[in-house]
């Protein structure tokens, strides 16, 4: 076999999947369900990160993620209380909600590193809050029901506040050196 | 008359144990774990009636991270253990999980025959195209030109196509999922558990430590544009011609499921004496 | 049961009840010698006798030379004698290859069909008397009959089996039409008639009418039956000679008792399937031979570490590698007792006879379940593929009884370091006690751990549970008196027992110790069995003296232990063992045979 034949063809970058049209929720209940799922999943992801960082002995960042998980969790609880829900209602079936696989406020699962520093964690949080802000802004623009539009605008404003809070927090933590990810030792053998 | 009190539905957190995974931060397996717990919550089977069976490798650590019964056996033999368990205890829900090295290399023979046998269990492979626990060697799904210490310059060996092999070998449900799509993955796993027979879910689960370039997968993965088929030939053609990042149920068939004779005693052991009697 | 009639012939040499008579029926594929041998055994049983039939054959799948080696006696019999009284060959094609397996003497009789040529030189050289009988022509004269039925009539009649017993054996086993049965009964009678003029064969006096019903069973069937009696309800199977019949017998039997046999893709799968099923709470077994056992080693180690009970029956054959698949050898002993990586305490049990395959396997199931440990049962081809007439055995009463965890046990820990070392096992489906079974070293809770204290705790626990168990008197067969003892195991026990009896008749008293529990070693029990014994001779069928070496490594044996070992496939014969025992007992260390 020739070297050329052996070479794998990298899968061609697929033309980006057609963006699902953003269907505005038709009721407050539907809207608040979306908001609740966003907060819940964001909280779960931060908790997952916190666990991972604890296992890697990166306790400072673990604590930070734990705090973020708590904050998002509180937001979720708040929605549950306001709506008088005892469990998370299912998302309306068959309706496109957000583009991409995950809710806009959820930090991407692969954007963490065992040597990451608070600055990195806050960058992740900032991006998440910004995505949430943008999402509610878009919802407000496409909403056809007045109550839903008002609620979207309210949450957009709330997320904007969060963005500002995270920015203020970021200003207080040192920026990492360029070699922050350098580990002189190789990974460990396990099983 | 009082209506029967229904137990509160189980949420995904009821399936997640207190043990924290030893995986690298950023590993796709975290999402898969979350998807498994969400899928079990969808199916609403109590954790103590589920057994998660695995072999050896990063992803094979998953059983203890759930509140289900777990069996963490030896390298490559998870499907064998899971098959024995399900045949002996058809009442249990059996989910076998592992990685590409465990399932397709050392366990390759069991994979073929588990597909053929079509015992009603679910097999999840967290495929990252690499051996992680031994620090980065090529697995059967690794690209032939991927350079690594054990095979400098790459193995030069074609990579394995688990989905089409599963289909050709007789699996009754074949799906591809992506760790970066935890809710979609949860949905596929729930369908796999509910589907009778051997359900195989290949989950693209990036390795941030040895295959950092797999971060690109989230840009490539996309939902399958077509509905699942029960036509194996059509499914095979699709699987062989897609771009490898087509996410969804690719085949949901109606192949005969293995039937266990367990539990229907017609005779006592003493009755068997008759055949030795002169 | 047909009542045996008193022998009619006048000049019959009565044969010692215990020695019995030995008959080899030989011929090529198609000659039906195995069927004839089985019927001879059945007929003997109907005449109140006991018997053993050992099979031997060439490597061909069909058409190869084969011989049924039958020994009949008035007492239960589990070994072949030193030689054969009668070699009856339907034809002589390659039968010379069995010369070592069918030793003849000048007192032996050879009967062959003159149309098939002369007996091979190697048999003639023994000085055995040759009688020609035209089996094929006789059968041909009776339309629809088979040659082997003529042969059965000749052999049965010469052995002293009443015609009625032979006829009953044939009729009872007949599965075809009546017309063919009548033809074959006629052939049988023709055989009986043609034997009338042949003298010089020792005859067996008819046996006492059996008080209870007797069984005809092979060691493989016996092991399978014992397994089911013990509680086995799941079997994973990969075919391998000479264990296949055990698995084939179990396949339908398990279905009848509500269990399942699953055919695996290989032995790696079968052992792990058994472990998976047993983890689910169902007593499980797999059976194999040496090559399969080697493949299963990793899985057996998993069963040790994860504390999952399983029974692995190893029907030993000639090794190493593919070795001699259809012939017997006791050469997997070393592997069974020590062939796992890591410090892996396991149980090894060896039945001492075909009948004992039932109780020993049943005991193995009981031990596996009680001690949550793998048990290797060392049977062998000689026992496994031979058929014997045995007294109906009482149920040994060993049953599977696993210590399980109750639902919602507070602070449940699967691998809790209990005093006995046995810790309650949660069975999937039980609420509130979930755990993950692990082949990785673990904490008491079952969480992987590489810490020295966890490793030490669990190693001690796993060793202690086997060491502390009270195995009772069944751990070994201990017979006789004397200040010298012969130690053996497995299928050679019968030959050794016979040799010890012959030695006693010669005035040499020797104790027999047949070890049933080979691992873990039982130093206190063996010391008690060896009380007042000054020295021991270890007898086994392998090239390396594996039992001898094992005993010397695990026990303090008195005096200078001696070894008598020879590889398969030839069985150890009572005569050679008698000589060895008498020489050894009389003159001290066995000259020339020590390792």
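The first chain written gets the first letter, and so on, giving A, B and C; residue counts start at 1 in each chain.
Criterion: contacts are C-beta pairs under 8 Å (C-beta built on N, C-alpha and C of every residue); 3 or more make two chains touch, one makes a residue touch a chain.
Here the structure is a predicted model, which is why all the values come from computation and not from measurement.
S.K.: By the document's touch definition, which label belongs to this structure's chain graph: line, ring, star, complete, or other?
M.R.: Shape of the chain contacts: a line, open at both ends.
S.K.: Between A-B and B-C, flag the pair that has more C-beta pairs in contact.
M.R.: Looking at contacts between chains, B-C has the larger number.
S.K.: Going by CA means, which chain is nearest the middle of everything shown?
M.R.: B
S.K.: Which integer distance in Å separates the CA centroid of subunit A from that of subunit C?
M.R.: Centre separation, subunit A to subunit C: 67 Å.
S.K.: Using mean CA coordinates as chain centres, what's the subunit A-subunit B distance in Å?
M.R.: For subunit A versus subunit B, the centre distance works out to 27 Å.
S.K.: Could you work out how far the Cα centre of subunit B sits from that of subunit C, in whole Å?
M.R.: 42
S.K.: What are the residue numbers in subunit A that touch two or more other chains?
M.R.: 191
S.K.: Could you tell me which residues belong to subunit B and also touch two or more other chains?
M.R.: In subunit B, no residue touches two or more other chains.
S.K.: Give me the residues of subunit C that touch two or more other chains.
M.R.: In subunit C, the residues touching two or more other chains are 440.
S.K.: Which positions of subunit C touch subunit B when the two form their complex?
M.R.: So the residues of subunit C touching subunit B come out as 1, 42, 45-46, 213-217, 221, 225, 228-229, 233-234, 236, 253-260, 262, 264-266, 268-270, 272-282, 284, 298-299, 301-302, 306, 389, 392, 395, 426, 428-440, 446-448.
S.K.: Can you list the subunit B residues touching subunit A in their complex?
M.R.: 9, 11, 20-26, 28, 30-31, 34, 56-58, 60, 75, 133-136, 143-145, 154, 156, 159, 178-184, 206, 208-210, 215, 218-223, 243-245
S.K.: Can you check the complex and tell me which residues of subunit B touch subunit C?
M.R.: So the residues of subunit B touching subunit C come out as 19, 46-49, 51-53, 61, 63-64, 67-74, 76-77, 80-89, 91-92, 109-110, 112-113, 260-273, 276-278.
S.K.: Write out the stretch or stretches of subunit A touching subunit B in their complex.
M.R.: Touching subunit B: residues 1, 6-8, 11-14, 17, 44, 48-49, 51-56, 58, 87-88, 101-102, 108-114, 116, 186-191 of subunit A.
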